[in-house]
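A single structure is presented below for examination.
Order of writing sets the labels: A, B, C, D and E. Residues in every chain begin at 1.
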Amino acid sequence: MRSDTATPVLSVSGLSVDYGTARGVVHALDDVSFDLAPGETLGIVGESGCGKSTLARAIVRLTDPSAGTIRLGEKDITHASRRDLRAARRDIQMVLQDPAASLDPRWTVGELLAEPLAIHRIGSRADRRGRVADLLRKVGLPPEAAGRRPHEFSGGQRQRIGIARALALEPKIVVLDEPVSALDVSVQAQILNLLTDLQRTLGVSFLFIGHDLSVVEYISDRVAVMYLGRIVELGDRDSLWRRPAHPYTRALLDAAPRIDGPAAPAGPGLTGDTPSPYDLPPGCRFHTRCPNATDLCRHEAPATRELSPGHLVACHFPDTGAEPSSSARFGSGI
Amino acid sequence: SAGNAAAQEARKGGTLSIILQPEPVTLTPSTNMAQPTQVVAGNIFDGLVAYDFDLKPKPALAERWEVAPDGLTITFHLRSGVKWHDGKPFSAADVKWSLENIWKTIHPRNKSLFENVTQVDTPDDSTVILRLSKPSLPILSVLNGVGAPILPKHLYEGTDILNNPYNNKPVGTGPFVFKEWKRGEYVELARNPDYWEAGKPYLDRLLFRIIPDAAARAAAIEKGEIQYAPYNPVPFRDAERLSKLPRLKVDTRGYEWLSPLLYLDFNVENQYLKDVRVRRAIAHAIDRAALAKIVWFGYAKPAISPVPSSLVTFHNTKLPQYPFDVKKAEALLDEAGFKRDANGVRFTLTHDFLPYGDDYRRTGEFLKQALKRVGIEVTIRSQDSAAFIKRVYVDRDFDFAISYNNAFPDPQIGVVRAFWSGWLGTGTPWTNGSGYRNARADALIQEAGVEGDPAKRIAEFNEFQDIVLGDVPSLPLLELNFFSVYSADLQGIVEQGDQVYSSLKNARFVDAPKAN
Amino acid sequence: MLTYLRRSAAQLVFVLLGIALINFFLLHLAPGDAAQVLAGESGAATPEYMEALRRQFGLDQPLYIQFLRYLGNLATFDLGYSFRQSLPVSELILQRLPATLLLMGTAIGFALVAGCSLGFLAARRAGKLTDTVISIVALLFYATPVFWVGIMLIVVFSVILDWLPVGGMTSVEANLGGLALVGDVALHLVLPAVTLGLFYLAIYARLMRAAMLEVYGQDFVRTARAKGVRLRRIAWRHVLRNALLPIVTTLGVQLGSILGGAVLVETVFSWPGLGRLAFSALFQRDLNLLLGILFCSSVVVVLVNIAVDLVYTLLDPRIELG
Amino acid sequence: MSDPVLAVDGLSIAFQTRRGPLPAVRDLSFSVGRGEMLAIVGESGCGKSLTALALLGLVPPPGRVTGGTVRLEGRDLLALDEAALRHVRGARISMIFQEPMTALNPVLTVGEQIMEAILEHEPVSRKAARERTLALLERVRIPDPARRFAEYPHRMSGGMRQRVMIAMALAGAPAVLVADEPTTALDVTIQAQILSLIDELRREQGTAVVFITHDLGVVSRYVDRVLVMYAGRKVEERDTRDLFADPFHPYTKGLIAAQPRGLAARPQAGPGPAGVARERLTEIPGTVPALAAMPPGCAFAPRCPLADDRCVRTVPPPRPAGSGLVACHHAGESHAI
Amino acid sequence: MARTDTASLPPTRTDFRDRAVGRLLRRPSALVGLILLAGILAMAAFADVAFPGDPLDMAGSPLLRPGDAAEFPLGTDMMGRDLASGIFHGARVSLLIGGVAALVSLVIGIGIGALSGYYGGRVDRALMRVTELFQTIPPFLFTLALVAILQPSIATITTAIGITSWSGLARLVRAEVLRLRNSELAQASIILGASDARIIFLHILPNALAPVIVSASILVATAILTESSLSFLGLGDPNVVSWGGMVGAGRETIRTDPHVAAIPGVAIVIAVLALNLLGDGLNDVLNGKGERR
């Protein structure tokens, strides 16, 4: 489903976030725009520190944006007051990365799941108990779980609890910040399945943040690739994987080995490290590591352009998919 | 010191270490009558006279003196050849200047005594003649170096006396010369080689050491680091112990000139204490002998009059008495209408004790227990001295308080201040704390102050004692015996009645001074 | 670095203003004033005399005028005049400061060196008898009132054994000079410094032990072991330096409390320091002096904290002043 | 395999607890030859790190090696005392840890830390050690080694720090390098750099590498042989290719199946995601049993679709299968599913 | 619909708190601390039963040594007061002083620390400046000044100790709150729409409690010590018996009758020791040191 086929449930445009620190200002997020359609999953990938969490936090207004707008359906919540936000929070929820850390160890699971309902004064005490049982069933936990505390559960089960809590308010959007990164492969599969099931039955939209490309690929309909606070490429999952246009996307795909992939990396890979966010390079932020960088890249930041409908890229010299090397790379596996 | 054979054998020289506690504010006794100031200053400033154990004046800077029969002229013949420590000659002009500028004005205790001195004549350098409008007999009781300090006119004249730098590096005519005051540590005096009394002093150096903690003082004395420690330097219990050591002596002589009296001030405006029966009941409820024994370890004896027994001529033994008698006390309280309630409590009072150390606190605790027995609940309140003074003498926001006063040789100086209504409202410490007003007592005080006939004065004071002891606005509790501790190898350390406030010119080591 | 210094200076000014304010008004709440105390000590006083004293002390002015005047003086680094002692406050403080610094410095030095050594030893022998003994002894020192320790030390080492003087800072009687004087002061310093230091020794020993054990649990120690570094060398080179970091921090924080503890020790050992001076100033309502002392001690605390920060940056390259 | 550099036999590690010993690694045997890279994979908590630490005699208390031998170049390390072990560590066998952030001492420069690894083992001058350190830094492709030598770890990126760790591990030219999840904390692009560096080093220097990871993708790309652990035991050990092509043990199978497939494995990209059902990932139901609640038989039995009575009662011994070993009662028939 | 997790839940373990207590009891030092403290509490609780009557009564002859008279097992002081009775009744007062002073500083410290840590920015800077101020004034001197100004009584002593000893705690709480505020725990609640008060009181403070409880035990111990120091300097409350006051009163006879000061001194040492041992134990247990090895 394309983002333009329906009114988006979430629409972000020109979003920037700056952090002021003792060492200087970090432009953690710079001019990020995208839409999220109902029932859709948008994946966000990128290296550590590229601003994925910042994006997630800004969208749920944990962090105040320094520019841009965030719309929830028709409502602009960029500068919503705390009171207005409380209402908005029923529509947008978030699952945090570390399920152990985000669940208060002193509370029972039942109390934890009832908390959002209590905050928004939904239902009576008894109603809530019913809702909790319901939620537990939804995420595949037995109702007895309500009486126990988080530490009595395994990592995967805890993440289920986290997801259940996010779903308690029946939101339209759930932001998932690396929800499976802390989990083992076998458990990760359980959670990914749960998420797909939930999306099918509830029709929620997901903003799924991850660094494991195969996971993002698996779960997403569309994917945005971030580098140093910017979205460098955004498109359909398949077109992105088949025809990565940005050199960084390509390098990312190359560098991530997969069991069904080739035994050796296709190219030499990227050299060097990600530049410090305190000291961003001028021009295209990727030029310090880009194999194709030119003078233009060094001086001028590339504008975002649409290669094909819905496939956006911010590169002066995007790979339009004609080169044999990239198709060859995937060719072997197909 | 008349013909002490041992004195000839005694070594000259040596350093005497003395305890000084607390640290003095100033070393000049012109405005400050605090004990540590006087202890040091007594060695630097000689007075016109000194006092025997029986408080008779004996010559010092004045070789002779005469009081005219009408008491209106007093003539002093000064010793000649006396020099100030800075080498300038001492003369009658210094005495005149000191009288006019200090004794009569800023000296905290003497103002009333010298009030009637209308003129001072100095016909020559060694004669001073005081001319009074009315007699003032007590003058002769305060003429020692700290009672009527003589300051060098040449250093003080025309200056702001309170802030004269010499206040802290005093220049006197006494046997010891000021050397150094290291604050927080010691005051050092050295032998005055030009002292008028030939051959004295014996010691080379006096070292007043400031040791704030009592246990540490005891240890220092015990070790011999300190050889002379006046003014109750250690707890009584320690004194008891030290007195048993052969190396040390504990001596209660030398405080006769002070005659300290411990008393209880009742606030006569208090709803309970305004009833004289209640005050008398309290007086009966206190076992003063036990107080002297338990709290004061025998370094005190029960007082029966506001004029201590050491003021032999004025002390009246035929006065109303309040023997320890719980039954009587209870009866008086019942009579006054303060019955015991269900808990056995008649009423509650707050007690403030003089914050000068544990002895006074324990006295308070003793009183608390004693009064509890007769159904008076007591809450003890502790505070520092500034707060105590303000509470009792300025705000008069107290029920009953314990304190002590020095009586000095004449009731006029130290006793009547506690009863004279003239002090009320002035907020002056150690004056009429009880808020007592009695016209007859006031009149007697005033008359005795200007009475030229000693016999009449005695009669006046007798009546005065009778009145105030009957009314008991202030209950005399104990006559305190202060004590000094000193090394057994010292001689001549207690030689006179005002010794602690006088000089150590007679002190000397009989053996070789302790090497240290 | 510059911003750091600027911030420290701002902090200093704020702290000093705060101290002036708190103390000034607090102390004026106290019942009784200097004139009354002085008069009380005099044994007698006339109202005229007390009035004269008040006028002289400036106590006859309204409170806010007194405060403004005080602040004005401060701005010109004038701490005022102690009427009671008839000396400028700064002079009084300067007289006592060396003794205070000597006592505090020695006590802290002793506590640091001995405490850290004991803590180091205990950590290296964690769980063994040495560790238990050190931990218990440290706890006992920590739990015993300072004045009590002081008096007991006097009884044992001065009175019974007669090794050390009872109190004071010098044997004034002996008229010493030069090296002999230094030795004499050192002798006098032993007991008070040990008394004051024992409490902090206990703190540092415990802290050091905990810090060492904490560092021992860190990954880089395992790394060092994995590369075959000797245990002794690991302890000294890898663990110790990291373990010193919390000690340094604590040192800065505790400085203020040491001055407080000094009041007790100076009392017990007749040490002519600032703590004792402050104590008597308090009871004599010598507010200028008390304010001056609090002021100076705060300045010292702030300065030492700056020094601590600097030392910290030396010890821990991760920290940058800014 | 002829004459392995490192041979582990029957290694068992247990934690001493109040309720008795808690076995965490049981009867583990494997060996690595010169220049070979062996991966140990398995779920979190299955005992991978413990095994790695045991190879250097670094099992942290209250853990203790309760049985077995670890032979390095013929010498049983477990029989050595601490002093003798010290000479082996860092010289003949060395280790890289997971967290490059915390594995370096923050208050010493990286140069000092690498030099220390040399100076502690060889009687060389500081100057010589410094030269060697610079060469090592160069070797692990740290730009501008002379400057980096005096740098503190906190000033370096994660990838850089991990290179320093590698340089340190290589300082003594060890026969065996143990790498415990060396890239988990790093980004994929950096991970690729580090892995190819390790790969290159073992090829060039013939170092045997024991590589611990939970990333099957990495295993498939870089590793020769794989050892799969489950709940403290080896369940399967195979050549990489074989393992991925045809896993024997149900756990291994589940592990591989649970991995999301990329485009390559998907039937030609479907019409569009959201609407159309994504094919479900294969789950391994349940969770790994806790150490204290280990079932008596096969530890995987509670989660295994094939489990029967025998599995519940007895622990399956490893037996040869294909290019390696598998420990499953149903190994033969398991092809059926 | 998601499939139900086929594996049942792991067997229920005992509650977190129960385990903490259990672990505490298994630590010998903490156990010793706990027993000592329980003993002191029992003394305080049964003071009236064991020693009816006013402990300030001059019950016997002064300065009896322990063992001199059967009815005064610990002897008497200078005023003939029963030391054993004083120790029992004094336990009450000393614990009260320690406890209330700790409470005062807990309230201030937690309040300031929580506000500062949670709101950050200007609030934080302002509050931290105030905290710094309180840290730079030597605490004991400050306590002394307050007691002298307010005049010593049990209430003023307690308040003064409380007012001057919160700064360390405030910093500790601030750090904890700051950490928790930025933790996923608090963020999860923010996302759910919880109010600040709810987050602070229901999520942050309960989780910051462990170090606070530990410092509270140390605060109590320090307060007891401080009270004894004040008494030593003559700033005690003469209307009640506290251990500090007893030591202060006994210092006059420290050379002649050392038991008068030594007995309450030992009581103080034991109490402070007990609280510290307990604090150490709690620290290990609550901060999970016992689990993580």
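FYI, a residue touches a chain if its C-beta (ideal position, glycine included) is under 8 Å from a C-beta of that chain, and two chains touch if they have at least 3 such contacts.
Note that this is a predicted model, so its numbers are computed, not measured.
Chemist: Just grab the chain with the largest centre-to-centre distance to chain D, centres being mean Cα coordinates.
Modeler: Taking each chain's C-alpha mean as its centre, the farthest from chain D is B.
Chemist: If I rank A-E and A-D by number of C-beta contact pairs, which comes first?
Modeler: When A-D is set beside A-E, the one with more contacts is A-D.
Chemist: Find the geometric centre of each of chain C and chain D from their Cα atoms only, then give the gap between the two centres in Å, rounded to an integer.
Modeler: 54
Chemist: Measuring centre to centre with CA averages, how many angstrom lie between chain A and chain C?
Modeler: Those two chain centres are 55 Å apart.
Chemist: Roughly how far is chain B from chain E, centre to centre by C-alpha average, rounded to an integer in Å?
Modeler: Computed from C-alpha means, the inter-chain centre distance equals 47 Å.
Chemist: Take the average of all CA coordinates in chain B, do the same for chain C, and state the distance between these two points in whole angstrom.
Modeler: 39
Chemist: By the touch rule stated above, which residues of chain E touch at least two different other chains?
Modeler: Those would be 5, 10, 148, 151, 251, 254-255.
Chemist: Would you give the residues of chain B that are in contact with at least 2 other chains, written as numbers and ranges?
Modeler: Residues 215, 219, 383-384, 387 of chain B touch two or more partner chains.
Chemist: Which residues of chain A are in contact with two or more other chains?
Modeler: Each of 154, 157, 190, 193 in chain A touches at least two other chains.
Chemist: Given the complex with chain B, which residues does chain C contribute to the contact?
Modeler: 30-34, 36-47, 49-50, 52-53, 56, 84-87, 92, 95-96, 99, 151, 154-155, 158-159, 162, 165-174, 266-270, 272-273, 276-277, 280, 282-285
Chemist: In the complex of these two chains, what residues of chain E are touching chain C?
Modeler: These residues of chain E touch chain C: 129-130, 132-133, 135-146, 148-149, 151, 168, 221, 225, 228-229, 232-233, 247, 251, 254-255, 261, 265, 268-270, 272-273, 276-277, 292.
Chemist: Write out the stretch or stretches of chain C touching chain D in their complex.
Modeler: Interface residues on the chain C side: 218-220, 222-231, 233, 237-238, 241-242, 315-318.
Chemist: Could you pull out which chain B residues touch chain E in their complex?
Modeler: Touching chain E: residues 214-215, 218-219, 235-238, 240-241, 294-295, 353, 355, 357-358, 361-362, 364-366, 368-369, 372, 379-384, 387 of chain B.
Chemist: Which of the residues in chain A end up touching chain E in this complex?
Modeler: Going through chain A, the ones touching chain E are 57, 60, 62, 85-86, 89-90, 93-94, 96-98, 101-106, 115-116, 119-120, 137-142, 144-145, 148-149, 151-154, 157, 160, 162, 165, 169, 190, 193-194, 197-198, 201.
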